[in-house]
Amino acid sequence: MKTFKYKDLDIKYLVEGEGKPLLVLNGIMMTINSWEPIAESFRASNTLIRLDMIDQGQSSKVNYDYTISDQADMIASFIKHLGYPQVSVMGISYGGYVGINLASRYPNLVDRLVLFNTAADVTERDAELFKTFLVTAKGDDPYAFYLATIPQFYGPTWYTTRNDWMLQRESILIEFFKSKDYRETVYRLAKSCLSHDCKDILKNITAHTLIVSGEEDYLLPYPRQQYLHQNIKNSQLLKMAKTGHVSPYENPWAYTSIVYGFINNPVVEFKI
Amino acid sequence: MKTFKYKDLDIKYLVEGEGKPLLVLNGIMMTINSWEPIAESFRASNTLIRLDMIDQGQSSKVNYDYTISDQADMIASFIKHLGYPQVSVMGISYGGYVGINLASRYPNLVDRLVLFNTAADVTERDAELFKTFLVTAKGDDPYAFYLATIPQFYGPTWYTTRNDWMLQRESILIEFFKSKDYRETVYRLAKSCLSHDCKDILKNITAHTLIVSGEEDYLLPYPRQQYLHQNIKNSQLLKMAKTGHVSPYENPWAYTSIVYGFINNPVVEFKI
Amino acid sequence: MKTFKYKDLDIKYLVEGEGKPLLVLNGIMMTINSWEPIAESFRASNTLIRLDMIDQGQSSKVNYDYTISDQADMIASFIKHLGYPQVSVMGISYGGYVGINLASRYPNLVDRLVLFNTAADVTERDAELFKTFLVTAKGDDPYAFYLATIPQFYGPTWYTTRNDWMLQRESILIEFFKSKDYRETVYRLAKSCLSHDCKDILKNITAHTLIVSGEEDYLLPYPRQQYLHQNIKNSQLLKMAKTGHVSPYENPWAYTSIVYGFINNPVVEFKI
Amino acid sequence: MKTFKYKDLDIKYLVEGEGKPLLVLNGIMMTINSWEPIAESFRASNTLIRLDMIDQGQSSKVNYDYTISDQADMIASFIKHLGYPQVSVMGISYGGYVGINLASRYPNLVDRLVLFNTAADVTERDAELFKTFLVTAKGDDPYAFYLATIPQFYGPTWYTTRNDWMLQRESILIEFFKSKDYRETVYRLAKSCLSHDCKDILKNITAHTLIVSGEEDYLLPYPRQQYLHQNIKNSQLLKMAKTGHVSPYENPWAYTSIVYGFINNPVVEFKI
């Protein structure tokens, strides 16, 4: 892992492979390592760039509030630091918020954009979910924090077919969630979502954009991605069957195929 | 174009590009040329193989009945003729019927399978549609034939956004449909559908399979592709927003990205 | 049956039962008699009013073109003729076009409005369907006319579970469709649809409105009823599972329950 | 309110109106009073019977565990106590669990059955939600309890259009949730859900059944009601647009119309 100095922060990142650059933006509780099970599909043909955003993984933890725009500003600096005129960006959930913000405010930096399980804004209803993150992060019960954050991410199909995996995951995570410092990072990351609202600037996005929905994603369901599709000019919308909010794990085969094909498709203008 | 001799028939085909072979199976009224607007996405990285099936395009016309299985038998011989141990197959609608039949009865010949806007069988209700093809093909009104076959293929979004294209297409096609010989070929192709039923042999498919539905495909709507997904072991299912039955034209960008990514994805087993 | 004199036309109608008046508006090829299998649910508690519109059933056939607005004007006169200040109206498909037109242009005449399987306008794509009606009505093949008009009305579930009924119906209808005079009436009724467009006047509707969609109605699918719901002030929207375009036959139990409950619900304002 | 003595428990109930009896089964945190805003639609034509189940509202609180079957046994005794050979039953969510259990195990007691926003069983994934109820009920933060239980019940449309109502409700409820005794009742009610599984006995239901889904009910979404529909013989399935899990409040007009019509529909057998 390398370090990108941003203001007084150490942003950890990893660059692998060759070819058109693809920058991956993590979901709220994901890290560089979370992508490892599917990374091979990307680094075989592309320059795969992963990073931990502020308060994620190995990057610096802070003791002040920030916003999705702050994360996007950091990403913009990071892309310039790497020396790319533009990169393709793939973001999921929280990473999608940042990707949308970035592509709206720094349109020249984004080549192609892939958005999974995300939305243009955080509604009052969405905010209630993040408030359960806040309340349980500040509390002292790692199990309450687990229940508030994890189970609803996964769709019913995954819960049924991979229940063993969920149970194993639960015991690992509850152990991990005992760290108050970690819960504090999630507290701040969740807080940064509360002001996310790009509805009025979506029109600035010039990147060719692919939006992907999970049929069983009940956190950010299909109408939210339809809204993105209607308001981003050059966009397409797909829905993945039997897939919840954690699409790279729940449906790795479709997830990687969609990204691989969209990023590397040699044609972007069709004469029909 | 080259010629493959099959029994007493001339099957015309076209091979372009290099890389993993991708065989494309036409919809009922499509030909090798129909794919030209999106072919570049495929031949840039793959060996793109197109052919006209029996009674399609430049291939031989016959004066007897045949079935979807007959088309699949011909395709199996064709793949062997080309010398490939197996090829990836992408079929749409009628081409999907043939692709499903082929992958069920010759599983070893099919590497990866992509099925657009298709179904495991032709129901009594589907058969009524094909009977309108039969009746108007035998009649003498090219406009009635046009109305019976073409408009319902395209989704509401395409009809609204590309109405000029539809009108231009209409006048070209009605001129073309004056040919009784052409209408006779559609008569036989439509008739070959009436016995299509692979429900009981889907379980034989071993190919990694991607099934794609059009959200506005009211001819073969989503439940038909859900059935395929439930009954094909290694399958995934996607739905394309704002797209009808003619997905390669209505949504070329998503169509080509999905196929490109799925065929060339370097990973097919994910450890999660 | 009684006769209402409208201009030089005889409009046949039937009034049964007692209670709040409910006027039923037929689909394009329906008549007063088509409702008999479900009429008991309505006339037990309401004054059930059925009529054949211009060119339908026993009412006068004409030899000139007319519009949906003409049918609505006739209905407005009919309601006044019966002496009701207002009636509740239930329309399906074509009857829904007329009901929407009536409630938009004569809002004071409509108490509550129930719209099944209908739409605010006839799009270019819809028009193609009606043109198949026109072409086959003018042709001389009753079977071609049957195929163009009937099968697509019924959903896949009905086609599977009631295939015997469909086959029996087919032979009766083909015999009936031999009448050129009958086909001429359908020709004119279909033609009257081509100019249907109430999109800009939906805002005038004051009636409490219930809109009902068939999950398997591929002629006028759910987005069309969503449009009505978004543009009619006091409206609610329901979707019936496993039901196509002929909802009173495909799902009589839900159909009658919904109408019965909505028309007779003693409360229309809830304080929540 | 009257009292029904069941074992050592006082079950409070209220009977109003005349006509065919309709028994209403509360959602988990509802009481007799919760129905007041829509009760007029029912008591105008029916005998409306409301009760608080064990641990709900004014009925006895207990200090032991019980199951959904225990609640259903109590209801069965209650119906016999009232002297009705059978009653129609309308249950929502938790009340739907009880209604399904009752109609499966005491089929003779149930005339017609209406099930809103409910499911045949509590899956592992559903159980996680109830565990957040358990954990926050045992904790000491009324706001955490509020966040864990209430916001996700309401759909996005309600949250947007009635945000003032939600905020007002929030302050009332948080005050109310300060009662540890109340939270204990919810603890036991939630615990009683964990063993709910009627999948194998649905086939015993003989009542004419109407199942209703909320399009924005992301707690128990449409596939759960489709399962009920597929496994209950005489059933129909409707989906309410723009409606979440609290359908009687989010869509009172459609809610009451559906129940009113289904319970009082004079016909239950249609000859088509």
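Each chain gets a letter, A, B, C and D, in the order it is written, and its residues are counted from 1.
As a working rule, a contact is a pair of C-beta atoms (placed from the backbone, for glycine too) under 8 Å apart; a residue touches a chain by one contact, two chains touch by 3 or more.
Since this is a predicted model, take the numbers as computed values, not measurements.
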Contacts common to subunit B and subunit C (chain labels)
none
Counting only Cα atoms for the centres, state how far subunit B is from subunit D in Å.
49
CA centroids of subunit A and subunit D: separation to the nearest Å works out as 37
Subunit B residues touching 2+ other chains are none
With chains as vertices joined when they touch, what's the shape: line, ring, star, complete or other?
ring
If you go through all the chains, which pairs of them touch?
A-B, A-D, B-C, C-D
Using the touch rule from the top, collect the residues of subunit A that touch subunit D in their complex.
123-125, 128-129, 131-132, 135-136, 139, 141, 143-144, 147-148, 151-152, 154, 156, 159-160, 163, 166, 218-219, 221, 223
Subunit C - residues contacting subunit D, complex
37-38, 40-41, 44-45, 165, 208, 210, 215, 226, 229, 236-242, 249, 251-254, 256-262, 264-268, 270-272
